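So that we are looking at the same thing, I have put the structure below in structure tokens.
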Amino acid sequence: MTPDVIYDQLIGMGCARKLVFSWGGNPGVGSLHRFRDAVENGWPRRLEIEEHSHAAMASAYTAGAAGLPFAVYRGGLGSDLPKVNPMIRRIECPFTGEELAAVPAKRPDVTVIHAQKADRRGNVMMWGIIGVQKEAVLAATHSIVTVEEVVDELDAPPNAVILPHWVVSAVCEVPGGAHPSYAQGYSQRDNAFYRAWDSISRHREVFSDWMRRHILETDDFADYRARLRESPDA
Amino acid sequence: MTPDVIYDQLIGMGCARKLVFSWGGNPGVGSLHRFRDAVENGWPRRLEIEEHSHAAMASAYTAGAAGLPFAVYRGGLGSDLPKVNPMIRRIECPFTGEELAAVPAKRPDVTVIHAQKADRRGNVMMWGIIGVQKEAVLAATHSIVTVEEVVDELDAPPNAVILPHWVVSAVCEVPGGAHPSYAQGYSQRDNAFYRAWDSISRHREVFSDWMRRHILETDDFADYRARLRESPDA
Amino acid sequence: MPERAYTAEEMMTVAAARALSRRAVCFVGIGLPSAAANLARLTHAPDLILIYESGAIGARPDVLPLSIGDGELAETASTVVSTPEVFSYYLQAGRIDVGFLGAAQIDRFGNINTTVIGDYQNPKVRLPGAGGASEIATSAHEVFVIVRHSKKTFVEKLDFITSVGSGKQAAGGARGVTRVITDLGILERDSDGKELILTRLHPGITPEQAREATGWSLKTVGQLKETPPPAADELATLRDLHQRTRQAHGA
Amino acid sequence: MPERAYTAEEMMTVAAARALSRRAVCFVGIGLPSAAANLARLTHAPDLILIYESGAIGARPDVLPLSIGDGELAETASTVVSTPEVFSYYLQAGRIDVGFLGAAQIDRFGNINTTVIGDYQNPKVRLPGAGGASEIATSAHEVFVIVRHSKKTFVEKLDFITSVGSGKQAAGGARGVTRVITDLGILERDSDGKELILTRLHPGITPEQAREATGWSLKTVGQLKETPPPAADELATLRDLHQRTRQAHGA
């Protein structure tokens, strides 16, 4: 739905052929410059886009999670989005004749999310702003969940948001793995990094250099975090 | 979805013109005899029925809560249910051409549910087996929520199942109001009563007499509960 | 017939429990299915995932629930989701390996009636109806039916098709009813997938008894096997479960 | 022009806050809408219900969120629901009184572009896109737009219609964009419901300034009113909010 800094990095490194999204910006800061450069100038490669509204994307993941081939929602009429996205179609209510919008279900090959806790069997628990994470996992063929910690007992309150171990492909303990985003109860959103990303990503050379030093030349996530603490802004 | 003892009472007293349902029995015990007598013999009056499966009813409430005119689900094909319920129709996926089932959204005039807690502003919190209660309230024009207790603070865990005060029409403090069902954390299911209901409801005269003594001749819910404690079985 | 140390219902429940593989995700209803699934969980299949249609995911009840909404299910579950969610995100999404159903009537194709005996508009007996069964029959990868064997139940023609168990209308690779466990033996879908045929008899039951209790011309597999009788631990576990249940429900 | 004790942005935010009635249910985005809605909540409308598209229902943030997903929203909300739920059970269901949007371009009918400047396939500037705006525009009972007044933004013809704000495609009785609050004044839908016309000017602003900052031939109501300047408590509350926000976000 909302490609964030990690998407901007993938796009800027030429790792993405196509982006399916509904809002592509740096929240509270401005543009995702690598996304813009790819769409506006085709750098470093042309980026195919499939663009929706949030409501359509949320419905599409829900349909995917529910094993339905499409989702119905109120929207689209009169907007130019259906003109540029042929996957937004009209459907008629078989009872009232009312026209509504339809989109195909989203069924990712792999969904990767970050959650707070898992137990040793792989049951995952998340809380706070859960977004569309549960649906994105349930809609996917495979799913990888990084968590802040693996615990003996989840101590889940009733009706907690749980992904049972048997719907998740893999769980990895990666504290701080949501960075620069956050995990409620564990870390704060790194707002300074989101702001810094604006200047890091604005120019191709600065971006490429930053990626080389922080991603390509680091050993793993811990090394990346250490490098980041040394030189957050450049 | 599952009309319980209260529905059986309403039907047996001739208060119901039509029943929309997906499973009409006394759980773990057997028949709802007043429901059967109405359908089989038209006593005390003919009961119109609109019959679905659970999956269809759940989808229909969800569509009602979501402001959609209809719901799509996988089902119905080959079953005789669509033959006796013209409100189960076919719909074609506009992308794959696949045939699915559709039912109109359920939008009750009034939904009445029982929950555990409300705060003084009317925010309602429930937990445990929540069923389709949230959707039934959100789909309804008006809603009445009886609760075990009204508290100063809900002390809700993150992502608790909450109905905000401004989507609920009225909240009433009625401890034990789910009887003979239960409210998790407050009371136990009165299994003995469900069993007793089998003989109370089996014969018209016994039923009518019981209703007179326990419902018509009692002042309020507290008086009814007191009467019940005196003579649960007859 | 020699006197046996177990009842026909116990044999049926044990046979149904054995049919569940060790790691199956199982959608269960109240009554015999719930007893069989929990017996399996308490014996050979501790990792069995039980899902009740009330939304209890991974329930591990210590006593059998009397209703689908029993608090015991919520309290022992990994999580409890709403009814719309259990039917859409779990059942409809194809995440259920085995659905467990009962039946008032069943035909040779595995189709099930739980709606009416007689005409729908003017029924002789009005039954509870579909509940979750219609979509369990078509969305679970396979369906086991557990039901007492009699001509009233095993009929040539259903009065009403509540649930399509033939596998014809099933979603994805779902197979419909693949096994019917009765108090006399076990029926399984034959090799060409069309008809339910008798493959096993419980100890002491003859093929004639099974045929006489069936309202259609029941086919039999070439080599009819005998179900091993309940083992001591199966029987002890089942009886403990029922004993705890009776105490808890005050019966 | 006399020197004023407040900025144009402060005037705009205060004017937007005042536009919210005391008990409205308000769907807000990040930035100016969020500042205005929280100012309203902290001044004349303590019972205002704020819903953020990330699923925070009844959020009462002490500092303004930098992103829609800020923990502050979840921690102060009555409850947090999933994204599918906030869009279907709340927005689409018609439970939102006022949707609050920004705009990169807006036309005289209230239609909004937040997608591209230039051609979609070959854009001059690629903007973030629709987000929740398309359905906010058609499902909220009415929509307020808060945006700086300039010819670049107030255009004769949109490069792309992201959100239909004309009220034509709105669901049920929804009216689309009924009010546009700028740093110069306020536009409202005219009596026949077709076009946005200038109804108010902020102190010290002339009708000519507003017309010059508008890319279409801006109509003006007969009796143009002047917005009362920010009151001392409005200004103090807004500045406190921004001060707390800056401290919290380490800017």
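Letters A, B, C and D mark the chains as written, and numbering starts fresh at 1 in each.
As a convention for this text, a contact is a pair of C-beta atoms (placed from the backbone, for glycine too) under 8 Å apart; a residue touches a chain by one contact, two chains touch by 3 or more.
Note that the structure is predicted; figures quoted are calculated from it, not measured.
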Weigh B-D against B-C on C-beta contact pairs and write down the one with more.
B-C
Taking each chain's mean CA coordinate, chain A and chain C are separated, in whole Å, by 41
For chain B paired with chain C, centre-to-centre distance based on mean C-alpha positions, whole Å:
26
Note: chain D sits from chain C at a C-alpha centroid distance in Å of 57
When you check chain C against every other chain, which residues touch at least two of them?
74, 80, 88, 92, 139, 171
For chain B, what residues touch not just one other chain but two or more?
67-68, 73-74, 128, 130, 135, 158-161, 184
Can you tell me, using the touch rule above, whether these chains form a line, ring, star, complete graph or other shape?
other
Would you please name all pairs of chains that touch?
A-B, A-C, A-D, B-C, B-D
Residues of chain A touching chain B in their complex?
67-70, 72-74, 87, 89-91, 93-96, 98, 100, 102, 104, 127-128, 130, 157-161, 184
Residue ranges of chain C in contact with chain B within the complex
30-31, 53-56, 65-71, 73-75, 80, 82-84, 87-88, 91-92, 115, 120-121, 123-135, 138-139, 160-164, 166, 168-169, 171, 249-251
So, in the complex, the side of chain B touching chain C is made of residues 1-2, 21-25, 27-29, 31-32, 35-36, 39-40, 51-55, 58-59, 61-62, 73-81, 84, 128-132, 134-135, 181-182, 184, 188-189, 191-192, 194-195
Which part of chain A faces chain C closely enough to touch in the complex?
65-68, 123, 135, 138, 156, 158-162, 164, 166-167
Inside the complex, what are the residues of chain C that reach chain A?
25, 49, 57-58, 74, 78-81, 88-89, 92-95, 139, 171
